[in-house]
Amino acid sequence: MTTTQQTETNAARVESANTLLRIEGLTKTFGSFTAVDGVDLSVPDGELHSIIGPNGAGKTTLFNMIAGSLRPTAGTIHFRGTDITAVDQDERARRGISRAFQITQLFPGVTVHENLRLAAQASDQRFNPLATRNPDHDDRARGMLDDLDVDARPDEVAANLSHGDKKKLEIGMALVSDPTLLLLDEPTSGVAEAELPALLEFLTDAVADLTVLLIEHDVDLVLELSDRITVLDRGEVIARGDPEDIVADERVQNAYMGGY
Amino acid sequence: MGGDESTTERAVGAPGVASPLSVSVAGRELSGTTALAALGVGFLLFAPAILADYLIQILTLSLIFALFAISVDLLWGYTGILTFGHAVFLGGGAYLMGTLLEAVGTGPAIVYAGLAAGTVLPGLLGLVVAGVLFSRGISEDYFTIITLALAIIAEQIAVSWSSVTNGANGLLVPPARVGIPGVVATELTGVPFYYLCVGVLLAGYLVARRIVDSPFGRALVAINENETKATALGYDTEKYKTLVFGVSSGMAGFAGTLYVLSERFISPPLLGFVQSTDVLIWVLVGGRGTLVGGILGTISLRFFENTISGALAFSWILVLGIVLILIVLLFPEGLVGVVEVARERLRDRRDDEATDHSSDPDL
Amino acid sequence: MNCLLLAGVDTELVASLALNALSSILILALSALGLAVIYGFIGVINLAHGAYFTVGAYVVWLTSTELGIGFWPGFLLAPLVVAVVGLLTEVLIIQHLYERLLDTILATWGVALAIGEAIKLLFNAQSKEVGNPLPGSVDLVVTTYSTYRLFLMGVAAVVITVVFVLFTRTDAGVRLRAVIQDPTQASLLGLNETRMYQFSFAFGSALVGLAGAAVAPLTTVEPNMGISYLVQSFFAVILGGAGTLIGIVPGSVIVAGFSNVGTFFISPVVAQTLVFLLVVALIVVRPEGLLGGQ
């Protein structure tokens, strides 16, 4: 084997050891419409990888397939080296893939504390109807609530929260289970100007040690947080690289022309 | 505490949020709730001294139906599964017990076998039905329609399969004897049987309360609140729904066995959709998602049905239909919800007064 | 129990069997179509649908017996009366429950109970008879068949066809259908949602009222006659695929066809049970229905 080949093999080996998420040829078609077309992506441990693109580029569809709420038409998803393409959504969550939705999905009728506690309890599959509650879940919920610093009391019903607080709660619920991979879908969308700084501060701290896939339209946030960026347009990857490269990329500029 | 409690909207009556009659709520003032609960239990314990015999008979059956209502509340109030066919399990348990007593014997061993069969077999049937339907992601609406059809079919089968069920005439069942097999056996009727039912209902309530407070029960609430989110978080929602359906069906079957011990007669309507929808109305009027609401609704509505309805110019069912519409429109949280709102208003007023006084310069 | 050997088939019997099945299918299709419009468009499970059917039958009974006006005025009145009842239900009750659609099931069940009891109060619970307005039979070569049944089949077929044409050819119909397929379209198309809901409720109710009126001469008219049509209509809609209108055709064929044929060969109860199991099996295998899931 030549030195170049050796280096390449070594590089490949190093990459796969660190690769948390590997997507190959992921495709989703709805009838004649192709939402996602042959997307490849490799995310190493600890990276914050942003996925950007004009509306309708297929970003949320991609997320849905990674999270497991949508079955791909073609392609594979590997998580920690294991093929999870056929694994159910709830199982993926239990394995450490956590998701914060763009449109907040909370448990509206129960308290803020209970929302977090339920999120903490989720991976702890217990079907014994007569078991007692695990105080660890309460502790984790309380801890996360402190970190979130919302304007509401723990016994406040989640439906009463402000939009910004709901967004925080959504993210908090995704984090409380100590996920391995966090899928963050437009965490700042719809958040009022006044609430933005607090949310951003929380966000930046929260994602520091995590592997994150981020969908976000706030360009400044993307450039500030991302290690690497993938640009999607009409379901295809049109560019990938670190923030400086992407900003300078002509194809990206063209895609956003008349864009968002 | 003090006067700075804001008038935040509570999810009145919603499962997981304290309801006035629940005893096991952490951190809430228990004095009001325990008082009411004690009152309720006290009434039940002293009822034979206050009420006439025929009322005790009605109350006994109401207690059994209240257990049935609790099984429905677990399914509907807590998990959000609306079924129009739960009486199939109630009646199933009843026919199982009844057939055993009628065909095999009336001794304690048979009774225990009947209790077991009448609980386990409906429970298993529930697991299978729910398992099949939920695993395929049947929509809630379709599930409800299928359960309605199930109840109608079950009643028709009970009518036509007369070799087993004695058809529309119903099955007369000899009185059962309880006790220890081979040692002692007595017929249980009247007041002693009433107290047995009180005990069983209390035990059933405590078991149900334990279930809803457990992680399993909390998961059910999560599924009811937002099933999409629950799945996304990692809850295997199909499994939870299937399991609670099995538990609930078993409980309904158990209530059915008690029904036979009490009434000594079963007929097809016990399996049908009228009985299935009656229990929904009891739970709704009492307050779904509270467990106590089911007990309250059952006892009060059955009381009215058996006493006042005779005096009415028109039918009880008409009243029920109108009550149903009004409750759904105006008081969807039921009696318990109304009480809870009243308590909130009282508390807020008390707190306002306390704040007023605290600004009094003389203090 | 009737057994039919393949050899020596009695063509007359087969022909009348087929015609009976066809008339059942068409009546169910009429009722199911009404339900498809309501459930498909608004997503409301209207458990009063069976009661509407019953009201239709009672209107005809009233005009032909009590009021002595005859069958035909009742036949024309029934859809109108039931449309009004449906509209009232929508305006007084359903309209307030759009935020909690699940509760409409219970509320409409209350309506069903109330209507059933009101009928009992007004006309007592005894089953009634409505005389055949078209006595006699028609010679169809293979068999002779009841004139009224043939008429009924014709009317049902015509009404169903007209409704489909309305929904596929007219502007308003196409728009309504688009909304049935995708309710989020309503505001985009600039349609007055309230009016649309009210209209579809009234229209769907009218259809099932017509079905009830049409069936009245063929069966006993009693307060609970609608419940089996309620369930069968839902089965037909679910099987065909809620959210489609054309789905009720295969849905009705399967449900009414099997039910009818099964009743003849085995027994009503066994037939109903088999239909139920068949529907559940089909739904389990294909939850979106035969023609659904577009």
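Residue numbering begins at 1 within each chain, and the chains themselves are lettered A, B and C in the order written.
Definition applied: a residue touches a chain if its C-beta (ideal position, glycine included) is under 8 Å from a C-beta of that chain, and two chains touch if they have at least 3 such contacts.
Bear in mind the structure is a predicted one, so any value in this text is a computation, not a measurement.
Undergrad: Using the definition of touching given at the top, classify the network of chains in this structure as line, ring, star, complete or other.
TA: Shape = line; chains linked end to end, path left open.
Undergrad: So, comparing C-alpha centroids, which chain is the farthest one from chain A?
TA: Greatest centre separation from chain A goes to chain C.
Undergrad: Closest chain to the protein's overall Cα mean, using per-chain Cα means, please.
TA: When every chain is reduced to its C-alpha mean, the one closest to the whole-protein mean is B.
Undergrad: Approximately how many whole Å separate the CA-defined centres of chain B and chain C?
TA: 34
Undergrad: Nearest whole angstrom, what separates the Cα centre of chain A from the Cα centre of chain B?
TA: Computed value for the inter-centroid distance: 42 Å.
Undergrad: Measure off the straight-line distance from the CA centroid of chain A to the CA centroid of chain C, and report it in whole Å.
TA: Between these chains, centre-to-centre, one finds 48 Å.
Undergrad: Note the residues in chain C that touch 2 or more other chains, in rising order.
TA: none
Undergrad: Quick one: which bits of chain B touch chain A in the complex? Just the residue numbers, please.
TA: Touching chain A: residues 8-11, 14-17, 27, 207, 210-211, 213-219, 221-222, 225-226, 228-237, 239-240, 243-244, 247 of chain B.
Undergrad: Quick one: in the complex, what on chain A touches chain B?
TA: Touch residues, chain A against chain B: 67, 69, 88-91, 93-94, 99, 101, 105-111, 114, 117-119, 121-134, 137, 155-157, 159-160, 173, 177.
Undergrad: Residues of chain C touching chain B in their complex?
TA: Touch residues, chain C against chain B: 39, 43, 45, 93, 96-97, 100, 102-103, 105-107, 109-114, 116-118, 120-121, 227-228, 231, 234-235, 238, 242, 267-269, 272-273, 276, 279-280, 283-285, 287.
Undergrad: Considering the complex alone, what residue numbers of chain B touch chain C?
TA: Those in contact with chain C are residues 80, 82, 132-133, 136-142, 144-146, 148-150, 152-153, 156-157, 159-160, 273, 277, 280, 284, 314-315, 317-318, 320-325, 328-329, 332.
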